[in-house]
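One chain, chain A, links the two complexes that follow: it is found with chain B in the first and with chain C in the second.
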Partner chain A sequence: MKKFMPVEELARDERFHQVTQAERMRDGRSAFSANSEQSRRSSNRITPERPDASEAARGLMHGIFVGEIQALEGAGRTCWDFTTGEEAPFALKLDMARQAWDEARHVEISVKLGDWMGSEIGQFAENTVLFQAACSNDPVLRLAGVNRALEGLAIDVFTTMKEFGEVAGDPYLEFCEDWMLADEVTHVKMGSDWLRKVTENDPERRKKALEFQNIVDKMFSYGGTRSDSDESSIGLARRFRELAGFTDDEVEYVAEVSMQALNERKAMIAEKQAAARR
Partner chain B sequence: MASKGKPRAPFAPWDRRELPGSFSVEDTARRAGNYKWAEMKLFEALGGWIATVPELDVKMRLGTHCYKHAWHAELWHKRLPELREMNPDRLTMPANDALVRFFAAMTEPEAPETTLEKLTGVYRVLIPRFIAAYTFHLNNTSEITDAPTIRSLRFILQDEFDDWRDGEMIIQSLIETPDDARRVAEHQARLETLMTEAGGVAGHGSIGFHATAPEGAAAQ
Partner chain C sequence: MTITVTPETFHFVSFDAPHTARIAARVATMLGLDDIDIDIVVDETSPLARVFVDAAPDRIVVTAHSGALEDTKHPTNQSDRATTLALSRALLKARDRVRGGFADAPADSALELRQTAAWDVHIVARLSRLGMEINKQASLYNFRNRHGFADSVDGVFETIWSIEATTWSELDAFSARAATARA
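Showing the complex of A and B:
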């Protein structure tokens, strides 16, 4: 088995349909109106009052499910891709193996929750961007991109989903999301701790890793899908991020790039709508 | 209640543990180092394979088992300094070159249509060898002086039996045609040949026989 597997080779059964981040962003169905004051609801957060709440929650749940599969695959690849001792410390690989087990449980939980919510495996497309972030040939960059940026996003998503379970009166959903949230905080903390430890005497490598994390954070702001604004369907879980080892400045940075991504996307859509009217 | 001060036997009548054991401190450290190396190679391979198998249930099982073998490697890693090996990396090594060849062959399958080969190598060849070596060790070490190793062996063996059963049932569920059965048998035979040459996860002597390599086997 070779080291470093390209994203195109991820093995799936015939139910899955994979799309890239670029394809997802080009899909008109995922766009929203720039004129949010008039044509959009005041909040995009998933609430039971929304007429499309069930479908939106199912879609988000399916996104979590495929994200967990890729997180499982990414953690597993980190166990394999790097030589123990020379390229990655033994203890780091033990943590990645532990993460693989946690992600495997999350896949199990997501399958059961998806079933509970009435969706089927493969009902929605799979965006493979998460695994792409797990393909770096530097283990520290993987930790920054996956454990800090993506698992950080997972904290935001699970918090949003848990709150939805709470307001929708679904204790089953709330219970499961809370357990997964506990694991994600652990994974982000793992990433924060290893990033500091491995780059302790290598400021250049740390700088590179943090830059990579920022790129992934921006990419995963999903054109404003996640931010402090109610216009974003996923909120920023500040408290859990702090528990996971994010500094106040780092949380502020994520808040800022998320808001920036939201505004950029709105401006882009406004421009396209204006062009269409001309 | 017995009267205060009445002497009691230091070992209760039901406690039949004995002092003698087959392994010295050095022997035990060497085996622990071999176990750690093999468990490491196994968890790394299971982790790498997760992304290469299309079957969702297999993917999840590999993720779960990956951690268990990493934990076993960690237990042996922690045991080594207790056995006077202060640099655990020094003894973290394969029992012999044949075992290195076995692992290279076992981790060769990569394509998504080779799930059966991947699982056969692990659950029909390697894990039974772990069970055998650990059981021999458990049954032959000093029940009193080496109690910490025994405790680890018992935890690990429980995992190995559970994982072997999981893996074997998945293999049985994936064998659907005579051609599948032939593929599995051929791959198993190929890997068994290499493992026979290696003698087991702790080399020749893994289960007590052949303290040195048998005639015709590659030198250790």
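Showing the complex of A and C:
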């Protein structure tokens, strides 16, 4: 079986259409700025108070669904891509196998939640940015990118969806998101623990892995989709990140790059919209 | 009947104004609105899926954010299905206001979220009976979000879904009953 699968070769049936992060970022439209009273909201956070709450929740749920598929593929590839013992300890691969099992369950839960909310598999484009972070040829970088950055984003997303279910009074959504959130906290912790253990005597490799994590964190800020600001649809779940082993400094860093990504996106949108008016 | 689509040329999305007008004409004919002028204004800078309607006896103005007409699988591209559905919803709502029993309904901006959801159920149920492809579960989920997740709420949803003709006050009473039943 092939090792180090590139993102272009992910297996999908005809229901799916994949887009890259670069394609998504080229879209010059935005819910951020207010052109008129009627055309924008004061907050973009996904909450039941939004007039388009159901559509927004369905879109985010589909994003979670494809994210779970890619997380499953990422964890599974880590079990296969690296030689046991020489490149990755057996216990690390066992943890990744356990994570793949969790992600497979999350995919099934997400499909059922999608049915419950009235969406269809493949109804929305699949952004492949998550798997792109899982393509590193160093298992430590992969742990930093997937378990710490990607699963960290999953904590933020699940917290937003769990709160949505709680406020809307949707018992299934709240319950399912809460259980998946618990798994994601474990996955982040796994990544944090292995990152420390594997690089214990290799400070240079640890530094490289943390730098890679920072890059991925910025990438996963999705041009401001996730931040502390109400202008972002997904909030930063500080408490659950803390439980997952993020230090205060690390949470602050994510908050900072997320705000930076939001501001960069707003500036880019403003520029594009001004150019269109000229 | 004249139909205008603004803007005529799109910069942020790959939409086609004449094609949109043709879809609107088809929908207007299907709904018996071919004697009213229709203006469609697309806010192409917004990816949201919101649609607003202003209805007067001689003119209907539909303001749609681009997300309402978009192919969500191929972002920024227009979807015939989404365009047809969004315009059908908007024009049927307008017909309710000018020719149905909804003249006393508050303006769109003054409607409560539960009222909007109940009206939308009444609209998409009729479109479904006209042969349009409708996701009933999506409509039910939105109704539950606005009225509560309870069997009694689902019962009211089914009642609204099956009604062919009603008035604003009757529909609002159904919605209020669902919200109260949940509590």
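In this text, the second predicted complex is superposed on the first by the 267 of 278 C-alpha atoms of A that agree within 3 Å, B and C clash if a C-alpha of one lies under 4 Å from a C-alpha of the other, contacts with A are read in each partner's own complex, and residues count from 1 in each chain.
Methods note: a contact is a pair of C-beta atoms (placed from the backbone, for glycine too) under 8 Å apart; a residue touches a chain by one contact, two chains touch by 3 or more.
Just so it is clear, the structure is predicted and the values come from calculations on it, not from any experiment.
When both complexes are superposed on chain A, chain B and chain C sit side by side without a clash. Contacts of A:V19 after superposition: chain C is touched, whereas chain B is not reached. Touch criterion met: A:E55 reaches chain C, while chain B stays clear of it. Once the two complexes are overlaid on the shared chain, A:G169 sits against chain C while remaining clear of chain B. Once the two complexes are overlaid on the shared chain, A:R278 sits clear of chain B and of chain C alike.
When the two complexes are laid over each other on chain A, the CA centres of chain B and chain C sit 120 degrees apart as seen from the CA centre of chain A, to the nearest 10. Once both structures are overlaid on their shared chain A, chain B and chain C have a minimum Cα-Cα separation of 19 Å. Residue overlap on chain A between its contacts with chain B in one complex and with chain C in the other: absent. Every residue of chain B that touches chain A in the complex is listed here, in rising order: 40, 43-56, 59-64, 66-71, 73-74, 77, 89, 107-110, 112. Put simply, chain C touches chain A in their complex at residues 11-13, 43-50, 52, 63, 65-66, 72-76, 109, 113, 116, 135-142, 144-145, 148-149, 182.
Residues 17, 19, 23-24, 27-31, 35, 38-40, 48-49, 51-55, 58-59, 115-120, 122-125, 168-171, 272-273, 276 of chain A are the ones touching chain C in the complex. Chain contact summary for the complex, chain A toward chain B: residues 1-2, 5, 9-13, 69, 72-73, 75-81, 84-85, 90, 93-94, 96-98, 100-101, 103-105, 107-108, 111, 121, 131.
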